[in-house]
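Following are the structures in question.
Look at the two complexes coming up: chain A is in both, with chain B in one and chain C in the other.
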Partner chain A sequence: MYHLIQEASGWSPGANWDSLQAREARLAWGLVSPTALVVFGLIIFPAFFSGWISFHDVSLRNLSSIFSAPFVGLENYHEVVSDWAFKFHSWRSWGAAITSVVYSVVSTALTILVGLVAALLLNRKFKARGLVRATFLFPYVAPIVSVAFVWRWILDPQKSGVLNDILLRLGAIQDPQAYLSTRGLALILVIAFTAWRYFPFAMLMILARLQAIDGALYESASVDGATSWQKFRYITIPELRYVLGAVFMLRLIWTFNKFDDIFLLTGGGYGTNVLPILTYQFSFRSFDFGKGAATAMILLGILLVFLGLYVGFFVRRGEAA
Partner chain B sequence: MSKSNSSEEKLSFIGHLGRWINWPRFLLAAGLTFFLTSILFPFYWMISSSFKSYAEIGSVRPVYFPPTFRLDAYQELFNPNNPQFWNFGRNLLNSLRVALPTAIIAVILSLLGAYAIARLRFRGKEVFLNGVLLIYLFPAVLLMIPLFAMLSQIGNVIGFSIQDNLWILILTYLAQTLPVAIYMLTNYFKSIPSEIEQAGLIDGCSRLGVIWRITIPLSIPALVSVAIYTFMIAWNEFLYALVFLNSSEAFTVPLKINMIFNDPTPRPHVVMAASTITTIPVIILFLSLQKFLEEGLTAGSVKG
Partner chain C sequence: MAEVRLKNVTKMFGDLTAVDSANLTIEDSEFIVLVGPSGCGKTTTLRCVAGLEEPTEGEVYIGDRVVNGVPPKDRDIAMVFQNYALYPHMDVYNNIAFGLKLRKMPKDEIEERVNRTAELLGIHSKLDSKPKELSGGQRQRVAVGRAIARNPKVFLFDEPLSNLDAKLRVQMRAELQELHHNLETTSMYVTHDQVEAMTLGNRVAVIDEGVIQQYAAPQEIYDYPSNKFVAGFIGSPSMNFLDARIKEEGGNVYVEGDGFNLLLPDKITDPVEGKSGKEVTFGVRPEDLTAEQTVHEGDETKSFDTHVLVTEPLGDEIIVHAEVGGQEIVAQLDPRVDIEPHQDVTLFADMDYIHIFDKNTEEAIV
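Up next is the complex of A and B:
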């Protein structure tokens, strides 16, 4: 790789300091350095620092002299893993790690499914399509605080909540329900909310790919007498496979990292406590930064497993093809 | 002949519908209805509720169509003489004071960085670009603890407060948005032919002169969409604001809405009014620049 760059640029260590290439490279680093500095100082260094904190006992008390914090080895990890909030207890209480995985996998799958349906709808021609398409993006663009609180209010436990009112009128329920504070249901609703909010992202990516499919494929399939379902199954889905996989992975990772959505909807209560919220609670509710950092490192570990699975999957597919 | 014609003319609306409709059309209509209702109802509910009175909000049944537009909620937010005054104007100003500098600095830094990546040869370019892209996947919660600890160390030494300091927020939002911004702009610069710039260089312009006189004017749409993207991220951000802001004086809009929501006496109409005010500018910005932004969304994948 290094040789290639050298040859391509004609740059070599012995080259004149004032040569055109050298000047160009210096200018380039000058232009890139502010970004590099911000990214290194605020992301890469803190990421390693987080690892350091997770092996130390850091609280508000010694935060101002953090480098003298006592080294505790794996104690934080041990406590976090054996903590009730982390462990699988019963089918009613899963622990944050499992809740996190279930929440992110299921809601990502649902997001992609809804996004696929929306993209297929928008791929047809009808009046005011541009307007409808713009409207479909609203949930994704609007501030999370606004949309989370609107939904909380629609799901309000009082009789005046919209969902309660509708279900009461239909006779589906006898008494108003507290949807977001019912174990199980709360998780399902949070998953549905995630799909509602993030499907437009999947939709845009899928739509872009759909519009790039060669129409001749469908035409020749029609000539051969294929049904709509067969065309969908044997042309559309294979053409979309790569984009579906990529969007699934991106959304899975982002959803796994997500804090705001669940925090604003349920505060992490009623069986919806996920790792990001647990990290926040350890660090800024009980001010045990060591445990918080350990939780975040576990989150990162699971994230790397996801990435590994994904890379493995795609590399194998790529080799087979 | 004439008979059948007249009977055709008499076909009712239902009859026409019956002839026009087929399975694909029915599915399309049903699907669109489902999507549009579930998307638009929450927004309708937010806006309409913001114009309700406290009595309407607290009534036994939800009021689907408020009979009059009441500005009670907006009075609470903005009118200092209101007994329940929230001083929301101050929070709007805070949000602007965070989001505008973030957008401006992000445009400048990403312009320089993306130009270097798209046009210049230098060692470590690939590493830099890939490293920057990996940040996409980085969990914000992982960074919140070390950032808090680090910045309070630095703050102790240099002597500034990290609590309620809006510049800290601007810095963290920059770190979050710069990678995507650079990615978007690099793709854009690669689509502009470099011959024009080379002509400028031959005419004796310096590189920076070329950026200023040729590249910037050619990339206004891309720069604007980077500005809007970073503005929107900073305007909507919740987690870092929650960690770094303590007093309601310094709160950005999302935190203030959270505070109003958690008030011991629930005031949903005020929450909805504040949400409406926060949402409308974002939606308008988005709609006016939809085309540019969508290219960014699909090319650069906005992190959200």
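Up next is the complex of A and C:
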């Protein structure tokens, strides 16, 4: 950063303290430092400190003298990986890392699929299109707490739960069901919730790209003999390729990091325990900060892989363009 | 190949009439041009033939078949779009092959047709390129190639040269002419450029405000415009229009206005005889005016006394903007005549090529 500022202002250490360049350089430092301090204090330092904690045995006992916590090497990682994060116990019980991957990949794919269908529908002309578009944005802009509790109310295990009530009245079920505390179903519901909540984002991005497609391409394809499906297959999809790829990678990274959506619905129980929630549970339920930090580091490692894919995707795109 | 016929075709967009009961027959292997100013309905007419628009009224025939309601893909037509509409993610080969593949043509035949087309248009070395790697002229050729590879009954061109620079446009114009000479496919070509219309068309339809004003061979349109709009639209610089009236005197018929009094030749007096005093618009093309150095007796019956405002020397000709009786007149003259601005000059009209229009209806009288 110093180097950059120096280059931008043309200032060098030998120059006069009071010269214009020196004053500009000081101003530049002054302007950058608040942001730099915040970034360092809230992101860079905690990240490295978490890394340090993950190699130490830190709990409530020694929190006050944290820097004398015993160094345990990879023991935290070993326990997390072998016991919790990656282990495939049975089809009914997976490690959190596997749940995380299943949850983020499936819900992201579903988000994009729903977003694509919604965008294609809203790209047509019909009455009150603006109103419908605004309505479709609702899940994305509404506060997470309120929409999560609406879902919980619908899926409430008591007889008074909306879904239970409807199904009981229809005679489809005999007894009220606990949807969110049924293994398997809980994960499916959490995935459905995520896809429902975030499809408007995918829809907006796809819609923006759809509207930029030259209409003459479709007319030309009509003359060339293409059916509606062939136009979609040979024009729309290739034209959307990059936006679909970019939205998929972005949503995958964000979803992988997501804590609040699942936590508010199931608290991470019944087969919906993902890495961010596991991190929380280690750190703030069992106060084993070492394991919590190790879990967070594993999460970071996987995210870096995704990030690499995302950057790679844009580099390839840059070369193709 | 086939004849194309429009019978009372009307196209409305809401309250707006884009095409007003158009009747047009394009004979088999004929190349016709629809020309007119922006928004005159020429592209809409073409799109009705393509099937991209459905006429509100009237029938479109391709061959003996009424094609109203038939989707574009089943009309056996090919269209070249103004912005080419090449598929950006396909290479040139696949752009040309796309329509053939959709029609489930055998692979080796597709290959043969694409190669032959590319050869014909000189884009063989570009078959692996994507459209964005091509120059404007090459894209244009690919767009044409995509149309001819399918070997359709009818070609439709929607201002295909308007995105090219002037020099390339002249070259592509000649290539399109040659292409039509070789393929002899029935073609409809839309343009706002009258030079393209005159050079390319076997026949030209001049359109204004949704109405076909005149449909005839280019020279006929130039020599005998049916109304004031056609007369003013075709030809560059535009025809001069001067307010005038008919005057009969001593067995002769004159057209008289401020600053001129021209004797009409006997062979064209019939339509105006007995209409003395009638208000008309007199028309003469700039190239039918000359400036003589010496004035002979009797010459005043075919001349204008003008005052020169501006001159535009172009090398091969000089365009003179002058004033006669408060009205502007433009003359296209031999560049070697010695004319300066603010000079008084006598201009002579070639009375065999003058036009007289009804002042109210703007229809041609002579």
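Please note the rule applied: the second predicted complex is superposed on the first by the 275 of 321 C-alpha atoms of A that agree within 3 Å, B and C clash if a C-alpha of one lies under 4 Å from a C-alpha of the other, contacts with A are read in each partner's own complex, and residues count from 1 in each chain.
What we mean here is this: contacts are C-beta pairs under 8 Å (C-beta built on N, C-alpha and C of every residue); 3 or more make two chains touch, one makes a residue touch a chain.
Predicted, not measured: the structure shown is a model, and the values here were computed from it.
**Q** Superpose on chain A as described above, then tell me if chain B and chain C fit or clash.
**A** By the criteria stated at the top, chain C and chain B fit after superposition, with no clash.
**Q** Should A:P238 be classified as contacting the first partner (chain B), the second (chain C), both, or neither?
**A** The answer is second: A:P238 touches chain C but not chain B.
**Q** Check the residue A:I66 against both partner chains and state whether it touches chain B (first), chain C (second), both, or neither.
**A** It touches chain B, and chain C stays clear.
**Q** Can A:I144 be said to touch chain B (first), chain C (second), both, or neither?
**A** A:I144 contacts chain B only, not chain C.
**Q** Could you tell me if A:Q230 is touching chain B, chain C, both of them or neither one (first, second, both, neither)?
**A** Once the two structures are laid over each other on A, A:Q230 reaches chain C alone.
**Q** On chain A, which partner touches more residues: chain B or chain C?
**A** B
**Q** For A:Q21, is the partner it touches chain B (first), chain C (second), both, or none of the two (neither)?
**A** The answer is first: A:Q21 touches chain B but not chain C.
**Q** Given Cα centres, how many degrees, to the nearest 10, is the angle at chain A formed with chain B and chain C?
**A** 80
**Q** When the two structures are overlaid on chain A, which partner does A:L217 contact: first (chain B), second (chain C), both, or neither?
**A** The second partner, chain C, only.
**Q** In the superposition described above, what is the shortest C-alpha distance between chain B and chain C in Å? Please give a whole number.
**A** Distance of closest C-alpha approach: 15 Å.
**Q** Which residues, counting only chain B, touch chain A once they are in their complex?
**A** Its residues touching chain A are 24, 28, 31-32, 35-36, 38-40, 42-43, 45-46, 49, 57-62, 109-110, 112-113, 115-117, 120-123, 125-126, 128, 131-132, 135-150, 152-153, 156, 171-172, 174-175, 178-179, 182, 207, 232, 235-236, 238-239, 242-243, 253-254, 257-258, 261, 268, 271-272, 275-276, 278-279, 282-283, 286-287, 290, 294, 297-298, 301-304.
**Q** Along chain A, where are the residues that touch chain B in the complex?
**A** 1, 5, 8-9, 11, 21, 24-25, 27-29, 31-32, 34-36, 38-39, 41-47, 49-50, 53, 58, 63-64, 66, 117-118, 121, 124, 126, 132, 134-147, 149-154, 156, 159-162, 165, 196, 198, 201, 204-205, 208, 228, 250, 253-254, 256-257, 259-260, 263-264, 275-276, 279-280, 283-284, 289, 292-293, 296-297, 299-300, 303, 307
**Q** What residues on chain A touch chain C, complex-wise?
**A** 214, 216-217, 219-227, 230, 234-235, 238-239, 241
**Q** Would you mind writing out the residues of chain C in touch with chain A in their complex?
**A** That would be residues 50-52, 71-73, 77-79, 81-83, 85, 87-89, 98-99, 102-103, 146, 150 of chain C.
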